[in-house]
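Below are structures written as C-alpha cells.
Look at the two complexes coming up: subunit A is in both, with subunit B in one and subunit C in the other.
== the complex of A and B ==
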C-alpha cells in the first residue's frame, strides 16, 4: 500500500550525520526527496545523550532527549526520524520511559513502511549477496522494542521485496566494538573482524548497515583488520539508504560513496541490473 | 429481645497485645441484646469451645458473636461448636478483631475502641440472623475425566476401582498422552511404555470405564453432582467395532509423508493411522485434512483393502450427551517451541537443533530411529551434544517467568541415556540452577555428572549457528567467567512447559479460573491443590502447572479421593449462603430485566415463567439455581428492583451492622 497521507517528519541528524557520516546524511536527503517525504530538521536540536551522557547521568541523558522532543512538538510534528542508530535508541528508550506519544522511526522502519512506493519508483536492483548488519542499537532492549531483537529481519524483508538477495547469518546483531574504536581499537579489530569473517564465510559480497558507528568500524577499520587476518578480504559497506537510493535511480556519483574507506569496485555499477515491473 | 453471647478471644498475644480484650468483653456486656460476654486466651481451643457451648446451654443463647480472627480462619470451628450445643450454626458470627484490628494497629486505646465498633456491628447483625439449613442436592455418581495422559488414566482407574463409573475422553485417537512418547523415566530409568501401557490396557478393559477417544468437550451445563456434558465424537471414518486393528489400511495408504505428531515430526505417518503401535484403542482413524479420498473423492484404497468393511467415508462428527456428577480436568501441558521466543537459538533453521520431546523420541525404542541417537539432518551419530536448560523458562521477557520444574531432571536423564548409547560421546549441559528436588533426584543428577561424565556449565547460551556442518554454541560459563564456544553435532533445548493452547477455551467452557500463564488455578495452592473454585470440578496433573510423573500420579489419586468423597453420599450438602428472590407482600417484584443474568459469573440465574390463574403467562422472572450459586452477591448488588437477597448477608443484616458500627 502506498502511504498517501505523508506528514512531514521531524528530522534529528545528531552529531554524526553532520560530521563523520555526512555520506549517510547525503543519501538520506536525496532518497527522501525522491520519496517526497519532507524532513524538517528539529530547530535548535541538541545532543541525544548517547555514549557518554546516559552512562554518567540518567536524568541529564533523558532530559536532553526530552528537550529535542519538546522542540519537535513545538514544530507541530509527531514523528521523529533519527537515522543514527544510537540517537534512535535513545529517543525510543526515553519515549517509552516517559510514556510520550511521539513516534520514533529508524531508517529500516521507514524503508519498510514506504516499500510499495519504493517498488514503484525502483529502477535498478543489486545482484550481489548482501549481508544486512543491524548492530546492537536498532532492536534492543527487548522490553521496549517488543520485536525480534536477536534475529531482526526488517532489512532482509525489504531487500527481498525489492528483488535482492540477502544472506542468512547469525552475526547481524553482534557487537562491533562501538566506541572502543577510539579508546581501544584492538577490541574493534577482534569483534568487527569476526563479523566480517562470518559474513564472508556465508558468501556475502557487500554489507549493508544503518548505523554510522557500525559503519566506522566496518569500513574505516577494515584495512587494519585485513592486515591482521589473512582470511578476510575487502568488502564494501553501504548504508541502507545508499543502496536504496541507487535502486530508485539516483546516480552513484551524486552520493558520497567515494568517501568510504573501502571503495566499491570499478565494476560496482555493472552489478546493478534494470528492474522490470 | 435477643439473647446473644459475645466471646472475646485474646489469640494468645495476637489480639491481646493491642486490644484490651477484658474491656471489650466488659463493654459488650452492656450492649442491648447481649446476655453474656466473656474473654478467654484461646477461644478456638477445646476449653474455649466448651465455654461457648456451656454458655449457650446455661444462658439459653439465641445468637453467638465470637470476636477473634477472620471468619476464613475459624468460622467453621465456632459454628461447629454452636451446632454441638444445638444452636443453628448460622446464628453464630465472627467479629474480626485480629486481621482487621490488632494486627494492623499499634495504639492500644484506639484499637480497643475499634474492636468495640466491630463487635457492636456484628451483634447488630446477629440480631437479624435467621436459621439457615444446608441445601441438599442429588448427585449423579459418574465422573467425566478430560484427557487420557497418565494423569487422566490414573484418575479414571482410581475412581473406577472405588466402584464408580467413569467416562474418559481424549482428543487424540489414543490414550497415553505425553508419557507414552517418552523413552525412559527419571530417576529409575524404567521404560516409560513398560509402566504406562499396562495401565492403558486396564483402562480399556475396566467394566466401569467408558473410553471415548478422538473426542472433545463441546459444552457443560449444570452444577456439582448434576452436570450435563456434551461430547463431540470426531468422525473416525473407521468403525471401531468392525475393525480388527490388522493395520493393512495404514500400510497401503498412499499418503505417506505426514509428519507424525507422536514422533514430534521426526517420523512420518499415513492419512489413515494409529498414532503408535501400542495405541489404545488400537483402531486407526482417518485424518480428514490429509486423506485424498475425503478431499478429492478419489483413492479409496483403504476401503478396498479392508476385509471387514470397517471404512466409512460418510462418517460424521457426533454429539453425545452424558450426565455426570464430577468433572476432572487432566489435559496436561505442551512443550514450547523456542522459535516462538528465542530465534537466536536457531530452532527451525537447523535440523539438528531439536526439542527435548524430539530427543525422547530419538532415544525411545519405539521411535523413528528405533532408539539409536541419530541427528535428523544426515543420520550421523552425534559425537558431541549440547543440552540447554531453561530454554524459555524463568525468563519473564520471553513471557515464561516460572520454572518448568521437570527439565533439570529430564536433561540429566537425556545426557545419561546418550552416554549409555554412545559411549565415547560427550554431553554438555548449560544450566541456570540444578533443581533436583525429589526423592532420589539429586543422587540421579550426581550419577550423571560422576559416572556418565556429563559436563555441567552454569550459564546461558547467547546464540547457536551452523558452521561447516556443525553447530557452534556460544555461551558463558559464569563459574569460571569464561566465554564458551562449543562445536557440537546436535543441540537439545529443554523448552519451557506451557499451558495447552486450548486451555483458556476449556476453562471458559467449564467455568473454572486460570492464572496469568493459562494454567488452571487451584482453589487453594496448598490446602486444596486439586479442587477448583467451581464445586465438582477437579484438576489432575500438569494442567495446573508443570508436574513430573510422580506428582501427576499423586494428584490423580488425590482427585479420585475427592471424587469418592463427593459420591459417598446420596445427597450433597451445600452451604446455604446463596442468593434468593425476596417477595414484598407476596408479590414478586422482579421486572425481568435480567441484569443479574449478565452479572452472575456462575450461570446460576434461571428464567422462570409466572402464570396467572388461567395459566396465562404473566411475566418472566429471575430465579436462582441454588446448586450453582456460589453466594458472591453480584446479582444482589446489580438488581434494580431490589428483589434479590443473599442469605446470611441480607440487606437488613448489612444495614443493621453498619448502623451498629456507628454508635453505642
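== the complex of A and C ==
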C-alpha cells in the first residue's frame, strides 16, 4: 500500500471554476473525493486578478494574490492547489517575488504526485490518441519554474503510466490567445486555429488540457474556427481531471462533459477499455 | 514616465543586445505595430521613443505568454516590461485606438472585482459591451451558455470586501 501524506490542501478555485468552468470544478471535486485528498477552500477568497490586474496595476495584482496567501496561512495550511492555470501562474510569480514558503501546485503536478494511488484505483483506460495541451502558464517563465518549458512531459508521463497513448507535438505550450477571447476574438481564431490544426495533423483524436481559459478557446470557439478553416474538423477537448476521473471509475454522466460545446461522440464510452492491473 | 517606473523599465532593458529571439518566437507579433525587440530598443533610447511605445498597439496586444522571457539569453523580463508600459500608457491616456477595447476589457473585469471581490462574468460582458458599443458580439453563444449552466446570474460577494477596496484605493 502506498503511504501518502494526506495533509489537506488549501483550494483556490478562482472565478472561472465558479461559472464558465463549473464542469472543470465538478470533475476536480469528484476526483479528489475518490483519491481521498482533502480540499479546504480558502475562506472568503478573492479574485487573484488574472489576467487583467497585472496589465494595468502592478500593486493591485500582487496585493490580491497576497490577500489569498494570508488567508491560507490563517487556516494553517502551507500548500495551495490552484487548478486554473492563470491563477496558478499568478500565485507562483507572487510567491517567488515575496520569497514566501507557501507551495503552489497545479493539477498536472497533483496527478503526477498521486499517480501510484490512481494506478491502484484505475478501472478504465482511454484508447484514443491524446494531445496534451499545457498552454503558456503552467510552465513559464523558466526563471521561476526551473523546468523544461518548451517540452513539458508531466501529463504525457502520467498518461503513459496509466496505459494511454499521447502524441508528440510541437504546439503544446503555444498560446491560445487567453483573455483576448472577449476583447479580440480574431487573435484567438488565429492562434487556437493553429493549435487545433497541428494536433490533428499529428493524429490526435482528443485534446486534454488543464486550463479553463484554454478550454474556452479550444472548445467554445472551435465551431467558429472550423467555419474559417476547412482543414480542421471537430475534436473534443477534455479537462485532465475529467479523463482521470473516468479512468478511476466515475460514471461519465456524473461529470458535466455534456456542458462542453464540442460533444464527445456517442461511441465515446466504448473507447474506454477495462484496465488489468 | 515616473522616476520609479523609469528605473524599473531601464533595469530590464539595459541587458538587451537586440538578438531578436523574442520577436522570432512571438506568436502575437503579426498583430503588433512594433516587434518585441523594437519595443525594448525604444525604451533603451528613452524620451520621445518611449512616448512612441506608450502609444503603440504592441504593449496591449502582448498576451503575457512568457515565451520570450523564458527564451531570452539575457533574461529580459519583457512581459513585465509590457505590463509596466501598459500601466503607464493607461495612466497617461495614450492608448492606441485599436487597443481601447483591450483596456475596456481589463477595466470591466477589475470593476467587478472591486465591487464584489470576485469577477462577475455576466456583469463583465455587459459592461464590456457598453464600453465598446459592441452589443452583438458573441450574442449567439449566450443561449447555449445559459442552457449549459455556464452563466451565473448573481454575483458572489465576498465578506471581507473592505480589504479588496483598500487595495483598489491605494493603487
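Simple rule for what comes next: the second predicted complex is superposed on the first by the 274 of 277 C-alpha atoms of A that agree within 3 Å, B and C clash if a C-alpha of one lies under 4 Å from a C-alpha of the other, contacts with A are read in each partner's own complex, and residues count from 1 in each chain.
Definition applied: contacts are C-beta pairs under 8 Å (C-beta built on N, C-alpha and C of every residue); 3 or more make two chains touch, one makes a residue touch a chain.
The structure displayed is predicted, hence computed values, not measured ones.
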Answer with first, second, both or neither: which of subunit B and subunit C does A:105 touch in the superposed model? neither
Return first, second, both or neither, reflecting whether A:82 touches subunit B, subunit C, both chains, or no partner chain. neither
Classify the contacts of A:151 with the two partner chains as first (subunit B alone), second (subunit C alone), both, or neither. first
For subunit A, which side has the bigger count of touched residues, subunit B or subunit C? C
Regarding the shared-chain residue A:126, is it in contact with subunit B (first), subunit C (second), both, or neither? neither
Just subunit B (first), just subunit C (second), both, or neither: which does A:63 touch? second
Taking the superposition on A as described, I'd like to know which of subunit B and subunit C A:168 touches: first, second, both or neither. first
For A:201, decide between first (touching subunit B), second (touching subunit C), both and neither. first
Contacts of A:143 with subunit B and subunit C, given as first, second, both or neither: both
Following superposition on chain A, which residues of subunit A contact subunit B and also contact subunit C? 142-143, 150
What residues on subunit A touch subunit C, complex-wise? 15, 18-22, 44-47, 49, 51-60, 63-64, 67, 136-137, 140-143, 149-150, 173-175, 177-180, 182-185, 187, 190-191, 220, 256, 258-259, 261
Within the complex, which stretch of subunit A touches subunit B? 142-143, 148, 150-151, 168-171, 201
Would you mind writing out the residues of subunit B in touch with subunit A in their complex? 342-344, 346, 349, 397, 463-465, 467
Partner subunit A, residues of subunit C touching it in the complex: 27-28, 30-31, 61, 63-67, 69-71, 75, 77, 79, 83-84, 86-87, 90, 101-107, 109-110, 113, 117-119, 121, 124-125, 128, 137-138, 141, 144-145, 148-152, 156, 158-160, 163-164, 167-168, 170-171
